Each structure stands twice: as C-alpha cells, then as structure tokens.
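Submitted below is the structure of interest, expressed as structure tokens.
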Amino acid sequence: MTKARTSKLTIGELAAGQVLDIPLFTFKGRDSSAPSVYVQANVHGAEVQGNAVIFQLMTLLEEHDILGDIVFAPLANPLGINQKSGEFTLGRFDPITGVNWNREYLDHKLDIATWFREHQHLPDAELFTAFQLTLVESCHQKLQQPWGITTGHRLAVNLQTLAHQADIVLDLHTGPKSCKHLYCPEYDMASAKYFSIPYSLIIPNSFGGAMDEAAFCPWWQLVEYATSQGRELTNPVAAFTLELASQERIDMQDALKDAQGILAYLSHRGVIKEQVLPAVMPRYACYLKDYKKFHAPQSGMVEYCASVGEQLPRGETLVNILRVDLYGTEKALMPISLEQDCVPILHFASASVHQGTELYKVMTNVFELT
Amino acid sequence: MTKARTSKLTIGELAAGQVLDIPLFTFKGRDSSAPSVYVQANVHGAEVQGNAVIFQLMTLLEEHDILGDIVFAPLANPLGINQKSGEFTLGRFDPITGVNWNREYLDHKLDIATWFREHQHLPDAELFTAFQLTLVESCHQKLQQPWGITTGHRLAVNLQTLAHQADIVLDLHTGPKSCKHLYCPEYDMASAKYFSIPYSLIIPNSFGGAMDEAAFCPWWQLVEYATSQGRELTNPVAAFTLELASQERIDMQDALKDAQGILAYLSHRGVIKEQVLPAVMPRYACYLKDYKKFHAPQSGMVEYCASVGEQLPRGETLVNILRVDLYGTEKALMPISLEQDCVPILHFASASVHQGTELYKVMTNVFELT
Amino acid sequence: MTKARTSKLTIGELAAGQVLDIPLFTFKGRDSSAPSVYVQANVHGAEVQGNAVIFQLMTLLEEHDILGDIVFAPLANPLGINQKSGEFTLGRFDPITGVNWNREYLDHKLDIATWFREHQHLPDAELFTAFQLTLVESCHQKLQQPWGITTGHRLAVNLQTLAHQADIVLDLHTGPKSCKHLYCPEYDMASAKYFSIPYSLIIPNSFGGAMDEAAFCPWWQLVEYATSQGRELTNPVAAFTLELASQERIDMQDALKDAQGILAYLSHRGVIKEQVLPAVMPRYACYLKDYKKFHAPQSGMVEYCASVGEQLPRGETLVNILRVDLYGTEKALMPISLEQDCVPILHFASASVHQGTELYKVMTNVFELT
Amino acid sequence: MTKARTSKLTIGELAAGQVLDIPLFTFKGRDSSAPSVYVQANVHGAEVQGNAVIFQLMTLLEEHDILGDIVFAPLANPLGINQKSGEFTLGRFDPITGVNWNREYLDHKLDIATWFREHQHLPDAELFTAFQLTLVESCHQKLQQPWGITTGHRLAVNLQTLAHQADIVLDLHTGPKSCKHLYCPEYDMASAKYFSIPYSLIIPNSFGGAMDEAAFCPWWQLVEYATSQGRELTNPVAAFTLELASQERIDMQDALKDAQGILAYLSHRGVIKEQVLPAVMPRYACYLKDYKKFHAPQSGMVEYCASVGEQLPRGETLVNILRVDLYGTEKALMPISLEQDCVPILHFASASVHQGTELYKVMTNVFELT
C-alpha cells in the first residue's frame, strides 16, 4: 500500500493576511512512459462531491500498481468554497467581480504557425515536450505580469500550470440539481464509455474558457496545423469535465462508484497496471448545439416536475409555475412543457425564479454511445 | 363555489421606486360568532411551500360552507423572496441589517395591570374586543413613529396588524432540509393532533419574537393576570407556526395533504361547517428545552447521514466530516455521533461548513402525543 | 415651458410577482430632421449620479427650444438598484449568474456583406433607415426566442431597442471612487470637447459588449464595408459612456454641471435650437491600450494615496499597504509606486483587498485634446 | 526601543480547511500594579481604521516606558474582513446567520448575590481577582459546550476571554459615513476628555451585547450589589468603544492622532510612565436616550446634505430624496429636515435606499463635556 505524497500550492492571500493553499497529493508512477494525470475538484465552491471522489480514488489507488504520475488537487478554490451567503455557498463566481471562477483560464493565443516552423524538425516526442514547455512558460509569464493579475487569474493559471504538465486532465464539477454527465471533446468520444456516467455532452474542439478546453485546445490547434502542413500527429492530451450529480451534496458511496469509473478509464489508458473494466450501463450523448437552456417565460414559484436523467416526451409537464398572487385567474398555476422530446440534465436550484432564470438544461436529439 | 376576494397590502417601497404589495385573499364567513383566521406564508424568502398550501387550501375552501372569516397572506415578504444570491434565495434576514425577518414583530410591552384595572368592568366578550383594539392600535402607533421605522418593522407590524384581528393565526414556514414540524404553545398542546404534522415542538407561552408568539403572548399575559386577580378567562387566540418540510421546494401534492390537515383543524374549531377528520398518523413531541442544536466541532465537507424525521439511536452516525486535505491522517474522514437518542428534525442546507455551523437540530426526550 | 411626457418600459417580473418597469421621459422635437437622442442611467445599480444629471437636464430642457426627439431612461436597471448587500448596492452583476449587467447587449453579428448587397441601391437616408430597422428587428427576434432569454438579456435588449432608434446615445455611469471620464470612440474624438469631462478614454470602433459599442459598432461596420465597396458613408450614430465621478453618490449641484455639458453637446449637434457653449477647461485623453489596471501584488489594508484626476509622477506613492499582522517586519507598511508617469482615474471602493484585487486604473501616455 | 511580542489566537476553521488566526501583540509592563490593557480592532469587517491606529500606537509605545501589560488584537474578525460582496466588505454580520458579529459576546448571567456571599470575606484586591477568574472561567465553559458553539460565539468569546484579563478595554470601530465618537458608560464620563474624539455617547451601565458592555457590566453589577450590601467598591474595569470616523478607509496620519489620544488616556491611567497630555479641543456629549435614528420615510436616491459632526439647526435640510421616476410631480425632489436641533453623527453608506433604511443617527440635547 502506497499513500500519496502531500504538498501545497499557494494561490492567494486574503485581506486579513491568511495565505490560501490548495492541498496537492501525488502518486509517483514507476513507468515514465505511462501517461501522467491531473485531477482537480471544487473549482466552483458549492460543487463538493469531487472531493469525495478524489478521496475514494486515492484510497483505491493505494492498492494498485501505479505506472503514470497522478496529481490530485481537491478543494481547488478555497475562495469559492469559503464564500457563504445564507445557508448556501456562493462559489460560482468571484464575489467582487462576478467573473465565473471556471472562465479564468488562460487562452494562450499562440502563434502556432511560427511555433511549428521553429520546432518541426523535432521528432514527435520532443516536439510534444517542447510544446508542453511553451504552454507552461506562457502560464508563468501571465503570473509575472508587471501590472499584476486578478485574483481569479492567479488561481486559474496556477491550476492550469499543473494541468499542462499532465497527459490526462479531469476536472470534477457538479450541476445545480443534476444527473451525472460528461463534457467530452468530439475528437475523444470513444473515451466516454469508460466513466460511470450515463450522459455525455459532445463539445467542439475549440476554446470556451473552461479547464478541459484550456488543456486540450492548444494541442488540438497544434495537431490541426501540423496536418495542414502534411505531418500527422496524434493529440497526446485528453481532458474531460465530469459533472457528478448535484451541488451541496457529499455521498461517499456514490463517490466510490465514480472513483471506480475513473479508475476504469485510467486502466484503459495504462496509468495503472491492473485491468479495471468499466461499469456495464447504457450511455447516451448529444452534441452541444442540441443542448438547450430553457428560461422562465414568467416569474413565480416553481415545481420541477421533470426528473433529471429521464426521457421527457414532448408535451409532458416540465414545470408548474405557481403564481398564487394570481389566484382566481387561469395564470395561478401554469404547467409548462416543451415542443420536442428531451432528456432534462439539470435544473435550477431554487424554487422561486425571476422571469428569465434558466430553469432547465435539456439534451435533445440524444443518441446512444456504442 | 365561492372564490376568495382579492386585495392588497402595501408594505414598502424599493430604492428604484417600485411599491411592494402583498396579495391578500379573504373568504367572508357567514357566522360572525365563528372564529376568524389569518394565515400567512413565505416570511422567510426561501420557504415557499406555504404558498402552495395556501393555494390548495383556498381551492378546497371554495367547496366548503365557511362560517368564520379567513384571510390569507401568501408571498408575505417580497423583499425576502426577491433577494437572490447565486442560485438560492437569501431570504432569512434583511440583507442590509442582518435582522431575521421573523424577529421584527412588535413586543407591545403593555402595562397589563393598568389596562386590566381600566377594563375589568367589561364582560368577557367586550373585554376581548377592547384588548384586541388595544393591540391593533399599538401596531398603528408603531407604524406612525415620528423618527420612522425600519423596513423590517414596517413589514412585520403590518402583518401583525392583520394577525391581531384574527382568533386563529397560522404562520407557514419550512426548515432548511427538514421534516414537517409544528411550533405549538404549551397551553394549546391538544390542537397538535389535527394538523398532518408528525412532530411538535412545545414552546413556552412567552415572547420570543416570532409571529405565533406575537399573536398569542399578549393574550396569555392578559389571561394570567386576570387569573391572579381572581377572574377566569379562556385565551381566545390560538397561534401556530407550521414548518412544512424543506425550503426551496414546491410540491403541489404534498401541499394538498397539509391543506387538508389545516382544514381538519379549522373544522374542529368551527370555522367551516363540514366535519373534516384529521389524518390518522402517529404524532410526537418534545419540549423546547429538549430541542438541541448541534454545531460543527470542526470544519469540512459534510455527509448528512441521519434522515430527518427518523429515530437515531445514540452512537449511530449523524454526519461524516470529510477533510480530504487531511488525507493520510485519521482526521480525513470523521464519523460523528451523539451520546443520546434523538430524532433529527432538520439539518443545514449546505454540504460544506465552517467550524461552528449549526449542523442539525434534534429532538430529545421525545414523547407521543395522544 | 414643456415637460417631458411620461411612459413606462416593462423589463421583467420578480419571483414574488412584481412587474419591473423603467420610467421613460420623452421630449418631442419639432424638427424631424434634427438628430434624436437616447440617454440612460443607472444600468449598474450603485452608479446613481446619472439619475440626478437626467433630472437636471430635463429641468434645463423645459426652457429650451427642442428640435430632435429626446428619450430619457433613468433608473434603467431596477434589479441592480434594488439589490442591497449590507450597506451598499450589489448592482454591478446579476446576483444569480454573475454576469455584468453592462455586458448583456446583443452583438447582432449581421452578415453585412449580404445586407449591403441587398440594400445598396437605396440612397443614404433610406439606407440608414433600413439598417436601423434591421437592428431593431434583430432585437425583437432576440426577445422572442422560443427557449426564452435570460433576465439580463431581457433588460439589456429592451434598452438597446430604444438606443437603436436614436442618432445619439449617452450611457451615464460612474466609477467606484473615480474622477469624471468619457469613453469616446476613436472615430468621434472631436466630440469629447463638448462635455464637462476632463479625461477621455479613446476606444477602438469594435464591439466589447457595452451599450455605447452596441449602439455604434454595427454602424461602423456598415460604413467600413461600404467604403470597401467604393461608397462613402458618414456614420450617422454617435454613442458615448460618461463616467460621472464616484458611485453611491448623489450631488445635485455637480449634476447640474454635467447636465450643462451634455446640453452643450446637444446644442452642437443641433438637437436644441439655442447655442450652448461648452465649459472652458483643459481636456486630456489616452488610448485604451495605455489605460492600465494595477492589481494588488499582496493583500492587506489599503491607504489610497494618489488622488484621482491628478498627475502622479513615477516613483510617487500610489498606495500604502498595511499588514499590521506583519508588525515588526519591513512588510508591515509597504508603499507602492509605479514605474511610469500616470493619471489615476479610479480606485477600488474598499480599503481592504485580497491579493489580485484591481486597485487603480490609470491613464498613461496622456495627451491634451485640442 | 522595545517591540511588542507576537503570538496568535486561533478562532476558527474555514470550510476548505484553513485555520483562522488573529495576530496578538503584547507589550509586557514592568510594574505589575499598573493597569493592564486590551485593545482590539476590526470586529466589523469594513471598519479597518482601528488597525492603523493600533499600528501607530504600537510604534509610539516602542519609545515609551511601559508599566502595565498591553495586548493588541488587530484584524480581530478575519471572517468578517475577508467576506467581500461586490466592491465592499460584508463584515457587519455573519453571512450565514445574519447575527451581528458585535452582538455575540457572552452575557454571563451570574448569580451575583450567591457569588458575593461566597466571596465577601476577601479583601478588595483578592475579591477582584476571584471575580475576574469567574468571568474567564465562564468564557471557557461556553467554549467547551458539549453541543458545540456557533462560529460567532467562538470568535467573540475568545476575544472576551482576553478582555476579561485586562483592566482597560478599548474596542476600535468606525461608523458607516461618520464623525469620530465615543461610547462611554455613564459611570466613567470623566474619561471622555482624554481621547481625541469630539463626541461622546453616554450609555447606561447595562448589558446591550457589545464588547465594552461585556467587559464592564459584570463589574458594575458586582459593585452595585456590594453597595446594596453595605460594602463600597470602586469598579476596577474601564471599557470604551471608539468610533474612528468612516468604514472602508485607512488614513495613517489620522490614525496617528487617535493613537496619541489613546496614549493620553493610558498616560492618565498610569499605564505608561511618561505624561502625555490630551489634545485641546471642544468635546460634546449626549445621552443614549437622545441619540436618534432617522429612517427613510420613502425610498429613492439620497443626497446627504448635513455634514457629520456639525450642528444642524431644526428645519435645515438633512437629505434630499430624488425620485426621478416622479419627475413632473412635487415629489420628484423632496428636501427633508428635522423638527429639532441636532448634530448628525453618521449616515448610511449608500446613496439609494428602500423605505425604512436608517438614514442618519443624530445627537439631540447635546451638552459640552468640561
């Protein structure tokens, strides 16, 4: 049994002087040719279940033969985790600026053409090493800007520096009230069948600001450019966002299931020596363009009738909106349904909404992953 | 079928100029000797289920023979309901002052001895009418104070003015994550068996700041003083707080059950002509002194293991506290239990807590109501 | 004396059922060939001084001969204005989503080439009318999206619909602790000398998400494209953001000065018949690329030493950062200065900061507008 | 020159695991018969200037001959200081419960009669020592409660434990927008002339929940009870709250003035050997019953016309309330004045208010302290 080694990453300093550290746990692999892994959790303050998954996964790994290096960064956003507002955690955005903590990663905006021209003489492995160094160096430069850097950038770019040093990046999130789902880039759809997650959202290979995109997009750009120049490269970096059901919830047993799903993926990738088979379960997906947000057409009290993770035929009630102030009119209790079949994936966390609040996210044109 | 009559109560004005109204719905009874009723809901902004119960109850009442006047004030705190912070409602306290919206009612601090001396010549019914007028007048004076009155007082004392005009006052709340429970004054324990609520908290007859106490306490003081002067009076005012399960939740079916429980109580009291029997179910209670708050002995991520509304023998796990940052030590996952039997009634809404957060409220020394 | 005509714009509905209106005030001009004007204020909830300026300007206009239509929308964001958190207004971003209220305007993303090809046969005035209709229609379509629209988009696009119907758009804001400054597009620098504002920030002609850009950018794109096709057009739309000193401040006398400055600009543009001369004062500017944000290199208590609106030579103290917890070390009181000359334009509103908080925005390479 | 000795007080643990410490600085006096001193600052998170005063006072003390022990606890509420909401600090109340951080001190509710009966045989000095031990022990018991203790109590009672070990307790606060003023207990009015503070509020000797009261009230009760039993004791404990102008402001020069005022008081009390004379300045006072809160009679935008710290004759404008939405009516701009002479001491921090917001606190029936 080998425990992970403990260290710390300093990512900020609070007004009253406290230093903010993130705990890091590292399993050192015994085979330097095996892929390395970076797993973080809780970048959004209320999305805590990933910490439990990391805990269970580390406990499982203690009993395995570990080939590739694995770094865990649970509790990755202490600013968000500690920001309480009433009985809940206000951990989705910086309370000072409003910026989503998960949209602070650096878009390197590299001049890929120039970089490739200068490095194309290198064989693949060295080319990849050089590119990785370029990405890490770009992060370091951002952190050293003479006019300083925002609190959110300091956090995100520190995490990103860790991510760029790994071949596999897993970012553990949750939805508000949500079923489990996976953000999976289109080029890597085949990987979705290893995780214990029933729904996958297939996203384009371009940068949208989140960690998974920050990790794989520069590599995708490199591979595409190389192809355009007649050189075939295989993208060496995989990155996924796992949405592990609902926020404000710790469930140790359920965490074990997701830890096993991740282990199955790591086994498939050769990060551990033992073979761990994925859970046998149906898995579905839809493309990002078919992932729809439904906004409250009116305000009121909301009964969420549609269960997340279950088919909802068109015309069946999605929500009831109660407007008891309109008692005596036909608008006092309004059922609302959609005009097409869908699978609701998540819904808003509160039962009262202003007009325009995002009530549900639903998948349409869902297909089975095989 | 008779619908309630609609009116409005203005309770404030927002910075940008909007007037804040509370909708009022009145069923006029046909027998002036029957008790009158006041029901409010949603004084805490996130505690929305009472609005659904009022909606269901009004719908039921449309089909009944109504003897006493019944006034409904749903959505009673628009300031609290509309105050969003992230994906939840920050509706427990005034966001400017921090004062709990449910602690702004007026403690009249009447000189009962003098009042009684001046009015004791009146027969009981007239004495009660005079006292009611005194209470209402005291509210009006508070609302007219020359130096003004806080936003919270303006709201609460306006509601209190309505409450003082009724013989029966029901204040509909919820807990954070909670089973149903009733705040029932000691002098009125016999009433607890009519509502569809399994647990009752028996509270003293003294003022603690909430609406139920604001409604019944002055009357209790009057009755007690009269007794001390050799006159036997029966407290004509009943007031209860109903905690209708969890906040941020609308469930129309469950609301119907609670509406039927309230209807059974109103039937028992002669507010409606038809006999409506209470639900057959076991009902339990404990005294306020045995209602315990358990605070987090350390910070961390919390798995709430004990179900609300179910017996928890001493020594069984109440919560697990996960401190993944302490991975590798025995403090990484700490089960916590209590040293006495209890029934957990509610727990905190968030799964991460600072040291000292109130994790659970539990009843101890629970007894069956018969 | 002619008063403005009053109307209302409904932009939303609160959870408890209240309708949110924005008051609109319209002065009808007597010359349909004169430019029309749209002025809004208080899109950020704490930035209230624009309301006072609109009040003073409307009072001034009552005594003038008005040629072009003028529409005023003060209190333009009731959601932001009414959102209190402690003793201040949390009005910069949607408290649910974190999105800046001033970044919700619609980027039409028109296919200008196709549009121009289809309309180039029209003479200039008709071409402009057609384009204006296209912009307004694009807003209407956004407001009617079948999946709904966010609360912030509903607000912003409703305001934008008004703005697109005017030739001159003024958006009245303030900084946190700030001197007066103007956001002025590069193509319209000559207009900066009419307002009573000492500093101008010269911004590119491209879309960044704010109202001024939402108003002028589509027109700029049209003009540029026409030029590329060999047709010379003059951009008929002017749009500016005025930053009227500090937030959380109403000063009626100072508002009168800014109202007079706006009047001078409107006079210059022929919106009123009378000639009103601009204030005689020095006016300075810098380009957006030279407008620098300085972030706190460490956390602590901040003494803001540099006055806004005054030259600060390099090496002079910008802030002192007090870290009383480090008493006894040289870091207990740290003066911080910049390495180049600048004019501080605004600073953060709070005197305690986390590491990375934006402390100051400063202009560098400042030049005089002549 | 002697520097203070540094230590730490742990007062809590954040959800993400960080320990919260308060820095303590101790000057050891050379004469054990001299009074001991406890000074804290920043219990309300936005009230930061006391930290600067402590810094300046410690720097001054390095050059003095110190007789009594002096303990400083700056940055006394890291939870409050670090709680940002938008551009301000939400540090007045616990963001989870709404409880004012300055109302969490322990009311010991001692049975003074029993205690005195058991200890009256002791000579004065020993009696005082025994009572002090009783108070400290009562705090320790609170901190050890088997059901735990709230976050706010843990903070406050830890601070209170330090305060009970001193003869002189100074609690450094500020108002929102405020002139300097002192909370001074009635029995100790003569002390008000040493501080560099122009206005004193004379408070009763009873417990209201703040630190100064928590420190002196048990002693006052003891002295009063002893007197009733025929024994004359002199209250050995002095405690004051200093309101050092406005929140969200650090001014090192002004801090030096207040440090010198405190030094003058400490010199008068024999805590330092050197004689330091108080500043020559007029000082005024009023009784708490004459300290009035004025609440906004209507909502709107507020121009604060009356300067804090200056006489305002009755009938002169206190505020203008702008309701631009009521343009065209006489309510669009409403001046508001009071019907009696007063000195405004502080006003609300925001320029827009809901109906009922506390606009000003004013002293009436002001008299000069001589």
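Labels A, B, C and D are assigned to the chains in the order they are written; within every chain, residues are numbered from 1.
Note that in this section contacts are C-beta pairs under 8 Å (C-beta built on N, C-alpha and C of every residue); 3 or more make two chains touch, one makes a residue touch a chain.
All values reported here derive from a predicted model rather than from experimental measurement.
Here the repeat of B-C among B-D, C-D or A-D is A-D, since over half of its contact pairs match by residue number. The pair with more inter-chain C-beta contacts, choosing from A-B and A-C, is A-B.
With centres taken as mean Cα positions, subunit B sits 42 Å from subunit A.
Taking each chain's centre as the mean of its C-alpha atoms, subunit A lies 47 Å from subunit D.
If each chain is reduced to the centroid of its CA atoms, subunit A and subunit C end up 36 Å from each other.
Looking at subunit B, one finds that residues 14-17, 23, 75, 81-82, 84-87, 89, 92-93, 96, 301, 325, 352, 354 touch two or more other chains.
Subunit B makes touch with subunit A in their complex at residues 3-4, 6, 23, 25, 45-46, 48, 51-52, 54-55, 58, 74-75, 81-82, 84-93, 176, 248-252, 301-304, 320, 322, 324-325, 327-328, 332-333, 348-352, 354. Partner subunit A is touched in their complex by these residues of subunit D: 14-18, 20-21, 23, 75, 78, 81-87, 89, 95-96. Here subunit C touches subunit A in the complex through residues 12-17, 79, 92-94, 96-100, 146-154, 292-301, 323, 325-326, 339, 352-358, going by the rule given at the top.
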